[in-house]
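You will see chain A twice below: alongside chain B first, and alongside chain C after that.
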Partner chain A sequence: MNRIDLAISAIGLVKHYDGGRAKALDGLSIDVAQGAMIALVGPSGSGKSTLLYALAGLVDLDVGTIVIEGRRPGGEADWTRLRASTIGLVFQESWLLPTLTAAQNIELPMVGVEASARVRTRRVEELLETVGMAGFAGRMPDSLSGGERQRIAMARSLANGPRILLADEPTGELDSANSARIMEMMAKLRAERGVTMLIVTHDPRMAAYCDRRYEVVDGTGTYVD
Partner chain B sequence: MRRIIRRPRSSGRARLVAGRVPPVAAIVIALFLALLPRTLLAGTAAAEQHVAEAMSVMTEIARAVKEGKGGQDAAFRRLLAKDFDASTLAMASLPEEVSESADAASLAKYRSAFVVYLTKAFLEEAARAPLYETRVAGSRNHATGRIIVHTVGEAPNGNRREGDWFVTPGAAPRIVDAAIRGILLSANERKRFARVLARGGMSGLVAALEKGPSGFTGSPGEDVWR
Partner chain C sequence: MNIVGVAASNLRQRRVRSLLTVGGVAIAIAAFVAFIGLSRGIENTLRHSLDTRGADIIIVESVSEDYLSSVVPEELVERVREEPLVAAAAPELDRMTTLADGTNVFVVAWPEGAFGWRNLTLVEGRLPTTVDGGAVVIGVSLAERLGIHVGDTVDVFFSPFRVVGIVDSGNVINRNLVVGLLGDMQTLTYRTGQATSIVAQLSPEAGDDGREAAVARLRAMLPTYTVDTTEALISSSMHVNVARVLAWSISTVALLTAVLGILNTMTMAVNERRREIAIMRAVGWPKRRIVACLLIEGGLLSAIGGAIGCAAGTAIAWTVSGSPNVSGFVVPDITAVLLAEAFLIALAMGMVSSLVPAWGGARQSPAAVLRGH
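The block that comes next holds the complex of A and B.
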């Protein structure tokens, strides 16, 4: 039988920091359907970001199972492959390389993945269009506003066509107009491309763009609406 | 000088226009015209149309429930029979080790109880939730060969409910699964059924399913239809 796989299924995740003294994840489980847009909410220090980075294979879990699109990544090489092809990451800060243009920043993740320079260039143009930044290809990061930099970062995260986007407070440093613009863009990406999104946010207005809120408290969590 | 007068040669199209169509050609043309819409619609357009029609029926059922009109369980069962592949959905809602090891008779009982459960779950939620007017917003292909039809539902109170409907391709599409507000129906039910299966086996699950959602009080899982 051909079952429909979840985009993400995490079961019983446990993570301690500080030699076991600080518990970040305490048996947390979460299922996320393909194409879902989920807000990860909860107080500071509750484990939201640890969960997000665990789902990208960037946290060495004490215990727990993570299944991405029906497959359990076997090790670091698998996770690296997933991050290069399936999982995109967006952070609170854009982390654009200051010495590269907007286009070069977007192209960077494709180097080593897509051999054809012509294909890379075309995809950069498409991505700039997608994030509403056509015409900004040659601009340097320090000449862009915070919202523009974040949109370039978003384009960079989409460079290799990920099916899952993990975003850690992508609007955390933006004013409300730019935040709304970013969230509208993310909602459009999900609706048009079916990109699954997990978004850490403290802002209820941003969470309102999502299908549901998943609340993380003391390292465990549940869907709250 | 002799004038050569060319009479136009009668082409097949001309004969068609003139209405002088040979019987065999008429049958071929009639068959072509009858099959044309389905052929053109095969693929995402057919899937979108199928989901749009199913959404319309679901909205009407939900409206009737809110108006206190009876008989909606029969209407929902008809919808399941006509527009869904409830059997595939039922099997996907079982843990794999159970669906592979259970005997045919108990699986048949389970599938039948699953329809009862799904009907009760939808009708109970329809009574509670706001009435969503749902439209198809697009579609895309899925790795399994199914077509995902994306829908957006809007309620009078401003609530939005987006859904992804997994539809078999071809001229007779069927919905095999759905993700509503980010929760995949089969995976959610699998989680919900697992605890009851562990306690009471397949007979316990069938008994719980026949009670509807109340048979799973305390089990994990979300209210998918909300």
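The block that comes next holds the complex of A and C.
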């Protein structure tokens, strides 16, 4: 496949922490096709999360090249634009802003991107519907359960209509019922919207929803199926 | 929701800290408005008092630290009258004293017929003469405050004086004056043949240039005395300068304390919200928008504090100026410009104090924060 057709192409990523003592990525390369749903698996500390954050432009790499949808982001401003338009992020914890309501948390990525308040409000309503949280718009995060918060976080990651979703153990803090709900939601999103997904997970059931598994060990990785 | 909404929401949800910071800013701005308003008020009130008494030029002892402690010989007036542009001149004796009921009053004394008398507007009664043998006129506000009428007696320097008239003028000091004859007051204050100053009124055609020229000639003529326009004398007065320096010193300390307060609040806010800021970055907020959001928070805190401080400072200044010890001596000079200055200072404090923590917060590595490093 031509690299221009790939959603993500990362080549030779190297990242050291602690002044070079800890190696998180050691020349890792990965290609992700448009619309693919990939599980990033591997032992703790192998570099999965660093890879995920690097693919979102949130890690300053020592060496390596990342191409998103055929274009190599030129710098911080490019990455910021990508996160505001093309790349959505979901984390292990929901990390909703505690001072904002559920609806405002979902609206947050649209502030400064979508000028029309009416459009923003309509999109928030749609996303609340999508994640099964209609009627929760005015609720504060501390009044929601862990599963509900994670669904709001999922809606937030979709606010600007990203074509790539990077998720760092999105079910890691959830019970099995809520985990299943999130997984089904992600699979549905991929099926309906063609969103490319890269999901860090230790959960084999989550990995089973994915097309392929990419295993990261000691900062390098390879597709294992 | 917009960026201001995000900032306002943060402040609303952290109510106690926001209120305490607003309180700190409000106190600092209130101190600034009250102190600066009062010190400017003292200067303006004194200057206006001399203006409304008709004095253009004033001659005092050059070595005296302030106007009230000056001693000049009464006969110096004759030399001042030699200046061609001087239309009238008179010795003036000024003293502060406390009346029997504890009221502080300003006592002014001129010789009978001095030009100062003509600038007093009689509301009731008449002016005192030497044949009265111990008579004064008092300002209308003082008369009202003490419940004194024409014909009553008031003790000045522990001696009874008959009030023969009540006078008014457009100045708070003058409305609270006790004005008597020079000879009476010289005797009572052991200053026979002496005055505090020689006050001179220039002829109407003198103009600004003429006034400067007259001052220059009088200075040449009287090198051992201080000759000044009334404005210059008040501006250089030790009391006015002390009030001004104190006002600025206290205000500066209060403002710096408020700056530290906002800096502390915003630093805490940024430290507590490192993860929230990282999330903002992760969802595509550029650094400048995060900095702007935090600056707006600091700006909102300081704007609210500034507005409250302006109102409180005005109220404090007027309350202080009405207290028995200073009532009748000072009208706070709190202008729209002063309030605008205070508000802008508050706003600038908020923005500047927020800038460092905001920039630090926006620059942190989102990945490191989100991964708990």
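Simple rule for what comes next: the second predicted complex is superposed on the first by the 221 of 225 C-alpha atoms of A that agree within 3 Å, B and C clash if a C-alpha of one lies under 4 Å from a C-alpha of the other, contacts with A are read in each partner's own complex, and residues count from 1 in each chain.
Here, contacts are C-beta pairs under 8 Å (C-beta built on N, C-alpha and C of every residue); 3 or more make two chains touch, one makes a residue touch a chain.
This is a predicted model, so every value here is computed, not measured.
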Clash or fit (per the criteria above) of chain B with chain C on chain A: fit
Touching partner for A:36 - first (chain B), second (chain C), both, neither: first
Which superposed partner A:142 touches (first chain B, second chain C, both, neither): neither
First, second, both or neither for A:97, with chain B first and chain C second: second
Contact breadth on chain A, by residue count: chain C or chain B: C
Vertex chain A, arms to chain B and chain C (CA centres, degrees, nearest 10): 140
Partner chain(s) touched by A:53 [first = chain B, second = chain C, both, neither]: second
Touched partner set for A:192, first chain B, second chain C, both or neither: first
Nearest-approach distance, in Å, of chain C Cα atoms to those of chain B in the combined model: 22
Shared chain A contacts, counted only where both chain B and chain C touch the same residue: none
Footprint of chain C on chain A - complex, ascending: 17, 49-50, 53, 56, 58-60, 76-77, 80-85, 89, 91, 95, 97-100, 104, 107-109, 111-113, 117, 120, 156-157, 159-160
Residue numbers on chain C that touch chain A, as the complex places them: 1-3, 5-6, 9-10, 12-14, 275-276, 279-287, 289, 365-367, 370-371, 373
Footprint of chain B on chain A - complex, ascending: 1-4, 6, 9, 31-38, 69, 191-194, 210-212, 223
Touch list for chain B against partner chain A, complex: 88, 91-92, 96, 99, 137-138, 140, 142-146, 148, 150, 152, 162, 164, 166, 176-177, 179, 181-184, 186-188, 191, 222
